[in-house]
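Shared between the two complexes below is subunit A, which has subunit B as its partner in the first and subunit C in the second.
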Partner chain A sequence: MYTQTKYYYPYHSPFDPCKPIKVKSYETPPNLYMGFQPPSLPQFQPREALYHGTLWPALFSPYPGKREVVDNE
Partner chain B sequence: MWYYEKKLQYPVKVSSCNPRLAKYLIEQYGGADGELAAALRYLNQRYTIPDKVIGLLTDIGTEEFAHLEMIATMVYKLTKDATPEMMKEAGLAPHYANHDKALFYHNAAGVPWTATYIQAKGDPIADLYEDIAAEEKARATYQWIINLSDDPDLNDGLKYLREREVVHSQRFREAVEILKEERDKQIYF
Partner chain C sequence: MNKTMPPEFYQLLEEIQAVDFVLVELTLYLDTHPDDYEAIQQFNHYAKQSKTLKKQYEKSYGPLKQYGASYSTYPWSWDDTPWPWQV
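Here is the complex of A and B:
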């Protein structure tokens, strides 16, 4: 199972003025991996589909928002 | 920083005096999908892309400047000995009125280059997809210019540049694959 958010650790110089955000993230939504959508994928119930914006859980991409934390040491 | 090599990446030869071709070639100089837009796009996006693909953007962005230089040389050779009359016949009178024989960053229709041609979204996938699209559009532009040109020596250089677009597109696609890889599956928060 893939993750929809990836993390990386950018270089931080001792001379950089701000406190480091040591971990940064970016989104890799499910459409990146699906190719041509296979037939007969499991479906949401109609009401849930309307809420989610897609009929298929395999295409649903929750975005909880990015929370970057400044390292306070 | 950069080191400069005082030579072109691939030799530029122009066999026929045809200033009209310069009018079309300038599309790759100051057009939306031209080499200037490509170089500035990649060299700017690289700051906020994951470390694994920064080097790729630096290398390709640098090579785009080498291509820009080749296009400039082609345009210059095609126009440097043209009389005002010849410029007029080639449809370059508006350019001549403003710039004489100087090159300028505008497209084939004379619209000046603008930063609105490029984007830096900060989302690595969005930026790399834009870069792939830019390479494919530049490849297409080279095709259409080759179709308009009947100069075999000039076309040799243009076919080289078209091939580089193909390779760059492949490298950007590989960069997307790198960013898709599951690496440290750290659950953050």
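Here is the complex of A and C:
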């Protein structure tokens, strides 16, 4: 399976005066991996579809808001 | 005391919104899958449902659209509150 979010670790120069950003992330929603959408995929109920922003669970991508960036090592 | 809308008003509006969203999704899907019979059946089913919901809404809360796209109440009320962004 593929992940919805991918991370990379920018280089930080020792002479860089700014606070280092150790981890950066970008979204990879499912439509990137699906190609041509197959017919009769399972669907959400109308109300759920409205909240999820798509009719098909297979195409749902959470796209999280400003969450604290994972700041490790 | 200013005007407040009954809870059914909001439930009905949310239902219309949900059905219309499904129609938007199906329209986009059918643009690229013109011969998907099952999706077309579903589209027509929801189009019918959307019409009945809107009829029901307009019977009790006034017109949704203007310029003849919806019947008017008596007296003329489409400029009454709540406006769409006040809902």
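Rule of thumb we're sticking to: the second predicted complex is superposed on the first by the 65 of 73 C-alpha atoms of A that agree within 3 Å, B and C clash if a C-alpha of one lies under 4 Å from a C-alpha of the other, contacts with A are read in each partner's own complex, and residues count from 1 in each chain.
Simple rule for what comes next: a contact is a pair of C-beta atoms (placed from the backbone, for glycine too) under 8 Å apart; a residue touches a chain by one contact, two chains touch by 3 or more.
Computed from a predicted model, the values in this text were never measured in an experiment.
May I ask you to name which of subunit B and subunit C touches more residues of subunit A?
Larger number of subunit A residues touched: B.
After the superposition on A, what does A:Q37 contact: first (subunit B), second (subunit C), both or neither?
second
Touch check for A:L55: first (subunit B), second (subunit C), both, or neither?
second
If you look only at subunit C, which of its residues touch subunit A in the complex?
My answer: residues 14-15, 17-19, 21-22, 25-26, 29, 32-33, 36, 38-39, 46.
For subunit A, which residues are in contact with subunit B within the complex?
On the subunit A side, the touching residues are 2-3, 5-11, 23-29, 32-33, 67.
Can you check the complex and tell me which residues of subunit B touch subunit A?
Going through subunit B, the ones touching subunit A are 50-52, 123-125, 176, 179-180, 182-186, 188-189.
Spell out the residues on subunit A that touch subunit C in their complex, using ranges where they run on.
It comes out as residues 36-37, 39-40, 46-47, 49-50, 54-56.
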